[in-house]
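Below are structures written as structure tokens.
There are two complexes below, and they share chain A, which is joined by chain B in the first and by chain C in the second.
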Partner chain A sequence: MECYSLLRTDVPDLIDHLGAYGEIVAPHSKGDVSYSFEVVQDSNKVVLDYDRTLLPLKKMFLPPQEKLMDFSLKSLSYTPIKLHIKPRVFFAIHSYEMQSILRLDHSMLSGQAESNYLRRRKKSRFIGISFKPDEFHFSESVGIPIEEMEGFDLYLNEVDGDYQLYVLTKNGHSLIEGFEKIKTAEPEIAEDRKFNKKIRFHYNRLPQVFQYAYHSEIWAEVASRCVGCGSCTLTCPTCFCFDVKDEVTVTAESGMRQRSWDSCMLSTFAEIAGGENFREKTINRTRHRLYRKFKYITDEEGLPWCVGCGRCTAFCPAEISLPDILNDLINEDEKAQHHHQVMA
Partner chain B sequence: MKRIQDVSEEEIKDLYYPTMCKVTKARQITSMEKWYELEMPASQDLGHGPGQFVEVSAFGIGEAPISISSSPSQKGSFELCIRQVGTLTNVLKNYGEGDSIGIRGPFGTGYPMESLLGKDILIIAGGIGLVPLRSLIHYVLDKREEFGRLIILYGAKNPSELLFKEELSDWEARDDVELHLTVDQADDTWTGNTGVITTLIPELDLNLNMTIAAITGPPIMYKFVIMSLKSKQLQDDHIYVSLERRMKCGVGKCGHCQINGVYCCQDGPVFNYSDIKPLREAL
Partner chain C sequence: MKPKVAFFDFTSCEGCQLNKLNLENDLLDILKHVDIVEFREAMDDRADLYDVAFIEGSISTPACVERIHDIRRRAKILVAIGSCAVNGGVNAMKNLHPIDEVRETVYGDDKYLFATLPAMAISSVVKVDYVVRGCPMTQQDFLRLLISLVLGKQPPKYRTPVCVECKLRESECLYNRGMVCLGPITRGGCDAICPSFGQFCTGCRGLMDNPNLEGMSEIMTNHGISLEEAQKRMLLYNSNEVKL
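Let's turn to the complex of A and B:
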């Protein structure tokens, strides 16, 4: 693995150099306290130190709204939408975000492969960057260290205010070819990054906890605070559920079919024609969300489907904390185990 | 884990574009349900199995999952029977002979016909549940000698809601079909059994090792029918249920049809009862 040193002040030049490959998407400031992944217009505006963007990187592969077709109500026919995707470089991406894309890959390829996702995903390059965990990040607890480099072509590790650039793939190598502001360096380890938020059990014990947590009273407690707004799933980087709706123009002669992000936390999500609702109560829905992250797919794939970005917690208007729910379930599990031992 | 490298760009297939199918016949068969016969372009076969469904498109409204009501042994056309319960199905009501309807599919897992060969087939249909089961019934009738007994229990709220009345008379008249009808509320014309569908089960004389039950009906029906079958000692893995969920995309993506960790549109809508028994959201 090649390692180079790169001055912080030379990063905008690196971004400009990467522009030769294609469009660059990177974190930008949005207002005073928020960040957003946007297409780079000016490399000096890219933010290198950020906690998390409001919307995850999935929005670049599964847009919040996407037109699937135009149709005519006069001729009852439709015109497909042809996607033309430019090659894209995703710059300054945190390791949990990259891991969420690898999980989305799996979800989108399972069953019938999702065509538009794949087309957007195919020519992508990823450049990672290290970060300082805040009070919400807990990615280490779900098996994703800050320096996890899987999925990246290049990785920028901050050491003493400047960067070490790791070249991880052939694609990464071609991206920096001809860029002269880097010098060969010995890899160093940054020591000052600690996670404040932790899950008390190793993540591979969580499916076991969830095995017995279905009827826990913790769900009712969480549900009593949940306002059912769906922010947690919309900001979740591995959630991908959607709705499909038709919109008709005012002349009622034509329209378009569009899909948009949906949320299993919204009350009508599992409702069928005729009114039957298979997850009618908030408690059914809060539980479903966490089982999707720690049990159902995890049983099959051996990985939590939560990447510990902390978004669902940081952006929850009711201050519901996902790691706190996990730790409560773990405490309850331990008490039950202890009780069994005493009884035996 | 499935990885992006494992799929080449040439393999990418579009998932959301319907095939326009021509309505060749259409008939309002009750006050709520309309029956359609449809033809694929160039008279291709839909290529479905009993128990599968399609996504039906009405431009301007959207799509809805609809069970296929005809048997795959019927060539050149397929049939749908649609209850008018929502915006989309109420628009479809206006479609008739000569109109085109957008269809995606067939989707989902239907009945495992290979392993049903030689078995006694016990159909238990409640209300509109007869629509998907009719595909299975016709399949068995078309290959009658390949199956054992065909027992059909069918219940509706009242006599006027009974679907496919002419076919019911045909089945009634056949020696190789055992048809038992019931209605919740009788009217003056009704001379048959009155009561919920489970009232038909105790009297059945079943060969337990040979019998496969296929149940479809309103959500409330399953628990009670399964309880009745269990009291007759029918084993869990001899019971199939077809479940209704909001299968919006049909391809295991949109999430609306999830039953715990299972996508109803992929692993179902037809499930072996022994497989879904541990799923708490299933029945």
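Let's turn to the complex of A and C:
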């Protein structure tokens, strides 16, 4: 692995250099205290130290709202929207975010590939960056350390305020070709980055816990605090459900078909023709959300479908904490195990 | 033949009706689909039968009751527009106080000259076929309903909270900015216009189906306001729905 040193003050120049490849997407400040991924207009406005963006990087591959086609009611015809995606570099991406894209790849591309996702995903380059975990990050507990480099072409590791640039792929190598503000260096490991939030069990034990957790009373306790706003799933980087709607313009002659993100935490999600709803109560939906993250897909794929970004917890108005629910379930499971041993 | 459409106002500020006249860019398109046969705020004509009657305002006097029954008899489809008509809106705050006290405060010694009732949603008195929510109702929402009726389609129902649209716009959550917002329990369809411009949601589109009001109170008190203040906020537009 090639390793270079890079001064923090030279990062904007690196971003400008990457512009030769295509559009750069990077974290920017948003509102009072938040961040969001935006297309870079001015490399000096890119934020290198951020906790998490409001919406995950997923939005660049599966937009929150997307027009799929225009249609005419007069000629009864439709025109699909043609996508023209420039090559893109995703800059200053945290490891859990990259892992969420790899999981989304699985969800969107296995079997019949989702064509718009695929178009957006092609020609993407990813440049990772290290981060200091806050009170919500717990990605290490789901198997994703800060320095997990899978998926990245380049990785910026912060050491004493400046950076080490690791070149991880051929594509990464060609991205920095001709950039002269880097010097060859020896890789160092930063020791000051620790996760504050942890799941008590290794993630590979969670499916076992979930096998017996279906009737736990913990779900009712969580549901009593949940107001069903959907923020947890709408900010989740691995959720991929969407809804499709047609809208007719005021002329009543034409219209468009649009899809937008949906959420299984909303009461309408599992409602079907005739008004039946197979997850009518909040308790059914809270439980389902966690089973989707730690049991149903995990049983198939061997990985938790949660990357520990902490968004569902950080953006929950009721301050419901996903790792706290997991730890409560684990405690309950341990108690039950102990009880059975004593009985035996 | 184009459907005959009429507009009527009851206890309200008439802001929703005015909002329709502000649809300047779309008014001509709308008139291609419908004939407006009665609209006090914009014209003098009157008609006897309506394909669609749009009702603004709440029912708050015996005279209102009589009049809405008369309109309902003459209308094939009746649509309540704006929060006053849909659930009583801000008018319904009156219902939180004894009715004698209310009359005395407003009319003083003349209170016996003015008959009054609790402020009610139109649907408390007659059958309402569709609603356009909001204070005021938004033009987009009104157009969507109108076009659906013209095309013979079921108008959209808004059954997800304001938070959903706020998230889709990637607006910063007002709770993260130290504010208290009713978005989580309020029916969406407004494109989260208030929170997206930094104004907390006051609940003007009404409550979600089966809202968790205890959970909502807890959220608000955890974010630094008293239970009394939290309840007042929930009551502002929803006095007829919130049971504390």
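Keep this in mind: the second predicted complex is superposed on the first by the 343 of 344 C-alpha atoms of A that agree within 3 Å, B and C clash if a C-alpha of one lies under 4 Å from a C-alpha of the other, contacts with A are read in each partner's own complex, and residues count from 1 in each chain.
Simple rule for what comes next: a residue touches a chain if its C-beta (ideal position, glycine included) is under 8 Å from a C-beta of that chain, and two chains touch if they have at least 3 such contacts.
These figures come from a predicted structure and were not determined experimentally.
Touch criterion met: A:108 reaches chain B, while chain C stays clear of it.
Judged by the touch definition given at the top, the superposed model places A:248 against both chain B and chain C.
Between chain B and chain C, B contacts the larger number of chain A residues. Look at A:283: by the touch rule set out above, it reaches neither chain B nor chain C.
Once the two complexes are laid over each other on the shared chain, residue contacts for A:266 go to chain C alone; chain B is not touched. On chain A, the surface patch touched by chain B in one complex and by chain C in the other comprises residues 245, 248, 252.
Residues 1-4, 6-7, 9, 11-18, 20, 59-64, 85-86, 88-89, 99-100, 102, 219, 244-246, 248-249, 251-256, 258-261, 263, 266, 280-281 of chain B are the ones touching chain A in the complex.
The part of chain A that touches chain B in the complex is made up of residues 68-69, 71-73, 76-78, 80, 102-103, 105-115, 118-119, 121-122, 214, 240-246, 248, 252, 255, 257, 259, 262, 264, 269-274, 276, 278-279, 284, 288, 291-292, 295-297, 299, 301, 303.
Looking at the complex, you find that chain C touches chain A at residues 26, 29-30, 32-33, 143-144, 146-148, 150-151, 156, 159-161, 163-164, 167-173, 175-177, 181, 183-185, 208-212, 214-216, 218-219, 222. Listing the residues of chain A that touch chain C in their complex gives 30-34, 36, 54-55, 59, 64-65, 224-231, 234-235, 245, 247-252, 260-261, 263, 266-268, 282, 315, 317-319.
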